[in-house]
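You will see two complexes here that share chain A, one where it goes with chain B and one where it goes with chain C.
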Partner chain A sequence: MNEQGCCGSQLNDVKATKEVAPAVDIALDESTGAYRIVVDLPGVNEADVEVQAHDGELEIVAGVGGRDNEGDVLLCEAPQRSYRRRFRLAEDIDVEKISAQFEAGVLTLDLPRVASAKPRKIEIRSAH
Partner chain B sequence: MSMNIVPWTWKRKRVPVGKDEQSISALQRQMNRVFNDLLSGSSILPEFFSEPLTQLGERWTAFVPNVNVSKTETSLIVTVEAPGMDEKDIELSLTKEGLSIRGERKQAHEEKGEGGWNYVESSYGAFERIVPLSDLAIDDDRVTATSSKGMVTITLPLKESAQVSPKKVSIRPT
Partner chain C sequence: MSYQRLALSELFNDPFFASLGSPARALMHASDRVRLKRSMPVATRRSEIPVSVVRRGDNLAIHCELPGVALDDISVTVEGERVEIVARRVSKQEGRLLRSERWCGERRRTVQLPFAVAADAVQAHYGEGVLTIDLAAAAKQGERKIQINRKQGGEI
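So, the complex of A and B:
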């Protein structure tokens, strides 16, 4: 009764796992210029989430480990999937300071700007 | 007694839920998905009706969680894909129509007023889904829900009387 490519243990076969682009929300903090990216990765273990920044790109890859679906599958709207998404980073994103947290299938990334890129108030000194 | 399992026809016909769950929006989503698959370069042509309508095209609609249902000898297991939510965010009830799953997916930090989101693909909002139980005898008191990794798993134990193993029919030569 299992549908091909759906939920069942046969999905441990890598080829049967579909790769999709996860949904993301992006917010820009206008005062600091930092970005926050929120990525939906339901069903993913934290250990299976990989975030890499290289060559001016940010790549998010997440695999879904074998799901144990006992019994007969009667409905499968959330098949086993793996996720991949890539973003081009602005040049002044501080790659070293990108931070990530993962909770309840949601990955939150904070991407600050390099310090010098923040708007800086310039003091005007008196000429006297 | 052999138990009559009613075919789950809603495998194809989506369970009517959400605010805009009408056939036209399902079609719209399917169309969106075609375009999005092409645009995103994944270019996997949709296999109409054989696949869940869960991809990019659904992102601009109200949140309708994807549901998996499986049945073992002892229970019915319903898994709800609810990123950012746990079992406490979901309200379950057994009604005449079946198992009702209600809840609301809220956008993180929206209550903090930290400024808006510049780009939103995920969907949010209140939802209700009904999983028809047909004639399955559910042991109401023992229904449990747990969550992990943004997936809420609801276990509905079957009443013991319903746990009948298929009776083997011996065929005698005439």
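So, the complex of A and C:
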């Protein structure tokens, strides 16, 4: 076990944080054309999560949690940190209807398409 | 061009991604890719549960990053100077997975502690995707605190 923590070193500075890109899953619902983005944000309070859609981009920013880290850090693989990640949005994503849920350190974003962009099956009529 | 492929090329308009072809890679924004290479979170690269261990005197706190794990799918075993954490996470993703960085399945971790802990005084709580285990040092073997009684009628 390390005697010095990587996040606090010998000073154990609680405020010392670094920003990382969180791990994400992206899935496409092929029937509706909607996207679902699932983001791992461990150690973050719901109030510290911010999702913004502007200028054709979706930005996820999550602040650091308020964990009490006083003491000697013996091992530090799960430091408190802030997260940031950006995605460019397609023009046919309905920005007004993007919804977000946060539970147990996981943020789930649903990105529906505008109605006209949804796939439509064209019926083929017989000529006779 | 199929519907899906057309949709993806529209999702990210950057011409850089249009040349890549792969739908999963095309989902990444240019600045996002650069950032990922520099500072990918530890959790996505390790097959073990990432943990932090903080010591305050005779007490230890172990913080384990386990976002989105149900309480029933976490087990903590304490034995002497060792703590074993086992967690299982089931992927709830539906539809076609275009990008998969989050772990799923079983992850475990054994942490070797600097001293033996009292197994009956272990407390664990889960919140915001982090499991915190509070441990206290066990009394050393053969060590016993002796109670000093006042002698009946004595004049001490």
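Going forward, the second predicted complex is superposed on the first by the 103 of 128 C-alpha atoms of A that agree within 3 Å, B and C clash if a C-alpha of one lies under 4 Å from a C-alpha of the other, contacts with A are read in each partner's own complex, and residues count from 1 in each chain.
Here is the rule we go by: a contact is a pair of C-beta atoms (placed from the backbone, for glycine too) under 8 Å apart; a residue touches a chain by one contact, two chains touch by 3 or more.
If you're wondering where the values come from, they're calculated on a predicted model, not measured in any experiment.
Trainee: Chain B versus chain C on the shared chain A, clash or fit?
Mentor: Result for chain B and chain C: clash.
Trainee: Applying the document's definition of touch, where does A:77 land relative to chain B and chain C: first, second, both, or neither?
Mentor: In the superposed model, A:77 contacts both chain B and chain C.
Trainee: Is A:29 touching the first partner chain B, the second partner chain C, both, or neither of them?
Mentor: Both partners, chain B and chain C.
Trainee: Could you say whether A:115 touches chain B, chain C, both of them, or neither, answering first, second, both or neither?
Mentor: A:115 sits against neither chain B nor chain C.
Trainee: Scan A:57 for contacts with chain B and chain C and give back first, second, both or neither.
Mentor: second
Trainee: Report the partner of chain A that touches more of its residues: chain B or chain C.
Mentor: Touching more of chain A: C.
Trainee: Given the touch rule stated above, what does A:93 touch, chain B (first), chain C (second), both, or neither?
Mentor: In the superposition, A:93 contacts chain C only.
Trainee: Under the contact definition given at the top, report the residues of chain A touching chain B in one complex and chain C in the other.
Mentor: 7, 18-21, 23-30, 38, 40-45, 69-79, 103-106
Trainee: Could you list, by residue number, the parts of chain B that touch chain A in their complex?
Mentor: The touching residues are 8, 10-11, 40, 42, 44, 50, 52-56, 59, 66-73, 77, 79, 81-86, 107-109, 114-123, 131, 147, 149-151.
Trainee: Looking at the complex, which residues from chain C come into contact with chain A?
Mentor: 3-4, 7, 10-14, 24, 27-29, 31-32, 35-36, 39-44, 46, 50-56, 60-61, 63-69, 91, 93-103, 111-112, 114, 126, 128-130
Trainee: Under the definition above, what is the set of chain A residues touching chain C in their complex?
Mentor: Answer in residue numbers: 1, 5, 7, 18-30, 33, 35-36, 38, 40-46, 56-57, 65, 67, 69-79, 81, 83-93, 103-106, 119.
Trainee: Help me check something: in the complex, which residues belonging to chain A touch chain B?
Mentor: Contact set of chain A toward chain B: 3, 7, 18-21, 23-30, 38, 40-45, 69-79, 103-106, 108.
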